[in-house]
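Letters A, B and C mark the chains in the order given here, with residues in each chain numbered from 1 onward.
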Amino acid sequence: MNEVLMKVQDLSKYFTIDTDWRGKPVSVLKAVDEVSFAINKGEAFGLVGESGCGKTTLGKILVNLYTPTSGKIFFEGKELSALNKKQRRSYCKDIQMIFQDPYASLNPRMTIGDIIAEPIIINKLLPMSEVEERVIFLLNCVGLARHQRNRFPHEFSGGQRQRVGIARALAVEPKLIVCDEPVSALDVSIQAQVLNLLDDLKEEFKLTYLFIAHGLGVVKHISDRVGVMYLGKLVEIAPKKELYANPLNPYTQALLSAIPVINSEKKERIILKGDVPSPINPPAGCRFSSRCFKEFGPCKLNTPKLKEVSPDHWVACHLF
Amino acid sequence: MAKDNSANSAENLMQAAEYVEKPESQLKEMWETLRQNKAAVVGLVIIALLALIAVTVWISELIGIQILPYDPNYSDMTKSFIWPNAEHWFGTDQLGRDVFSRIIDGTKISLFVGVTAVAISLSIGVLLGSIAGYRGGKTDAFIMRTMDVMLAIPSILLAIAFMAALGKGLDKAVIAIGLVSIPEYARIVRGSILSVKENDYVQAARVIGNGDSRIIFKHILPNIISLIVVRATLGISSAVLDTAALGFLGLGVQPPFAEWGDMLGRARGFIFTAPYTLIFPGIAITITVLAFNLFGDGLRDALDPKSRIK
Amino acid sequence: MLLEVKNLRTEFKLKRGTVRAVDDVSFTIDKGEILAIVGESGSGKSVTSLSLMGLIQKPGGVAGGEILFKSQDLTKLSQKELQQIRGNKISMIFQEPMTSLNPVWRIKDQIMENIMTHMKISKKEALARTVEMLDTVGIPSPAERANDYPHQMSGGMRQRVMTAMALSCEPDLLIADEPTTALDVTIQAQILELLYQMREKFNMAVLLITHDLGVVYEAADRVIVMYCGKIVEEADVKTLFEHPQHPYTVGLLQSIPQIDNESDEHLYMIKGMVPNPLHMPPGCSFSDRCDRCMERCTKEMPELQEINGHKVRCFLYDKAEEGELSAK
């Protein structure tokens, strides 16, 4: 279980927002800033955070949609930048992505069968004669029927489209799937269906998930370990039971207390002051210091590093 | 603001009503919408008629049967400037040629020029626009600044400049007109590629291992094809107009062949004595241009799913 | 009683048929009460709120029923008369704080315009009131921020501005259509807190439209659950969450992943999906997805009936079959 599948070391991605006349960057958005973590084989690693915290950017770096500004990615022990072209291709095949918006992630001009067949064909995984059979198999895996193969995406509801997106990701037999908010655009009753499907597929295909979401309930349900991000930084990583029972970083505490919980006594809420600051000019020192209710001396001066405070529980906070 | 919201929720509802089973194909639905637009249907009918005329004249010429009342290029000075009558419906011109026959014959040239010129500008424009939009950065800047320079020069002047380099003649006029309108297509294609490129499905295509050219041709272009088709339809009308303008200036088709613009140009000295020699070619140009414009507008509405709902 | 909706029906006439988005909906709101309407997309919750405001556009329209606001039937008023009430006695905040504000106007101009169309006061007084309202909704240094343009503010701030604008004429009823959906959890907590405070301060009623049951549990006094344009259950918050009765409500509550849930079991799921509004199943509209569907359910639509203030539309709780049910 504890075999590391993917390891990320000091990964950063900066976007240049504005340059001066010489093309020198004058304002830079630090979407992901020196993030390190590891995902074990067969686990679901949850990544939570509010909008603009860089979780989606992180996911897109892993599937090679963005090139990182600095930092290293190890996949199955091999460093990504050291790979040759062929190995890189196989890396890309091994890591797939499920997108957030099922209305935007399927090409409206292709039938769903063609959408699922495409990755098999371009990666030459199967002889053409067997592709069709595989497509039908994948459709069945995600709970769609054979006769829907030749329909177009607009003929489907959001939940069904998300199933097509899942089938497309499965088509190349990936090892890791980055699920970028796969249920947040869906209705509550459909969310449960898709979450259960993801759970089943994980068992069936021995998958590893990086599960990105802003809903803490959803992340808790599906993940084994959870990382919390705030303004491009990982602030806490812990096994889910530990994280939800004993959150250490004040931001995690506030995040957990902000969620409305049904059928429990109305709890005392930590209401954070202010808004998430802009990632273009984040506060100095700890990024959370401008909103933190436990802020003290060193917070505004130094950026805290991730420390292991108890087995497998990592926190970046000056309190620890 | 409130209105937007209600429109949105109504739209959602209608989409909800539309999804699950869609009995009609998109093409059929498009045709339905187009059919309800009377102006577009009129445009389409005229275009079909013009095409029929052009093809018939062309074939009859090939196999040597004369179906026109008179040989359009046969001049008989004794019959010059006959006012329209039962024998010569549109009268005869200064060289005694039958204007009606010449106009019918000219359809062939006008349509040929329109379609070919658009084909030239379309293929080059789409290619340049795709590269610029997809690549971005310096490539984009270089291509688009060149296009901007071309757009900054009045198109007819630019066409004349091209013809000065290429020489006179119909074929050269077609090339000149084609080259002049490249920037319009490049701009449209670049703009839509920029917006489509950011769509999740294009990113998804990259994640599953598509190469750049496949992404452009399989995932991006099919989604903006409707825009290009509409622009091309409207483009034909402006190409017809440009040919006429070049013909009027004496740079297009060379005598004795009939071309509407050329007819107008040569008849302009007789505007008071024989106005019909100008009026009829003028009407022909107007009708053709109008037909393509009406059809193009209708097509745009039919291809836009939002206007289709309404 | 502040608002009484009786048998409201809103229809959309489409090419392929008529969609009844709101079907025979009746409810009341008292002064100072927070009533929540929950439902998924296509349930008709947003169309209900837009019908109240008279904002349904072609091809839709209110096809029947009464909307009695302080005993005055809003469906009988002209657009002009409605405008007097809209933004004044009844105001609304929307889901998208990004698009609900006009991007080319300063914040203060937008709020002042609203105040001055409904109250006869001078520009100076309107400005003072604007700043006061911004202060009330918790915007720091309100006098300066009033000069900002919407794009200079974050999503949470814009939702506060929207709230300030909606509250500026001291409405009797505030309709909040998914006010926190577009916001982050920590900001959502702030806005819910704000709604609560404003209710206390102005003693206004709030109609909260949302799909988030967590928000309902935290914020509302009474809940209406809608499915396919119909009310399927109505009760006060405590009763509804502790003793949900309609199979749809029960299913919804069970299918939400809770953070206090320790089990790794599969989530309960409601099978299938919301039917196409043009092809509703015969009988109860939930019958094709219901685990407890009986033969009768596929033939007739159950009535909404009240047992001790708890209204349910389901044959499981039919008075005629009650004896049989309790016998089981």
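FYI, a residue touches a chain if its C-beta (ideal position, glycine included) is under 8 Å from a C-beta of that chain, and two chains touch if they have at least 3 such contacts.
Computed from a predicted model, the values in this text were never measured in an experiment.
Engineer: What pair of chains has the most C-beta pairs in contact?
Structural biologist: Looking across every pairing, the one with the most contacts is A-C.
Engineer: Would you mind checking which chain's C-alpha centre is most distant from the centre of subunit C?
Structural biologist: Most distant chain from subunit C: B.
Engineer: Measure off the straight-line distance from the CA centroid of subunit A to the CA centroid of subunit C, and report it in whole Å.
Structural biologist: Comparing mean C-alpha positions, subunit C is 32 Å from subunit A.
Engineer: Quick one: subunit B and subunit C, Cα centre-to-centre, how many Å?
Structural biologist: 51
Engineer: Provide the C-alpha centroid distance between subunit A and subunit B, rounded to the nearest whole angstrom.
Structural biologist: That pair's centroid distance is 48 Å.
Engineer: In subunit C, which residues are in touch with two or more of the other chains?
Structural biologist: 41, 274
Engineer: What are the residue numbers in subunit A that touch two or more other chains?
Structural biologist: Where subunit A meets two or more other chains at a single residue, that happens at 157.
Engineer: Subunit B: which residues touch two or more other chains?
Structural biologist: Each of 18-21 in subunit B touches at least two other chains.
Engineer: Considering the complex alone, what residue numbers of subunit C touch subunit A?
Structural biologist: 40-41, 140, 154-157, 184-190, 192-193, 211-215, 217-219, 241-242, 251-253, 255-262, 264, 266-271, 273-274, 289
Engineer: Within their complex, state which residues of subunit A touch subunit C.
Structural biologist: 50-51, 157, 159-160, 187-193, 195-196, 199, 214-218, 220-222, 241, 244, 254-264, 266, 269, 271-272, 274-276
Engineer: Contact residues on subunit B for subunit A in the complex?
Structural biologist: Those residues of subunit B that touch subunit A are 18-22, 26, 199-201, 203-211, 214, 218-219, 222-223.
Engineer: Touching subunit B in the complex: which residues of subunit A?
Structural biologist: 60, 63-65, 89, 92-93, 96-97, 99-101, 104-109, 118-119, 122-123, 152, 154-157, 165, 168-169, 171-172
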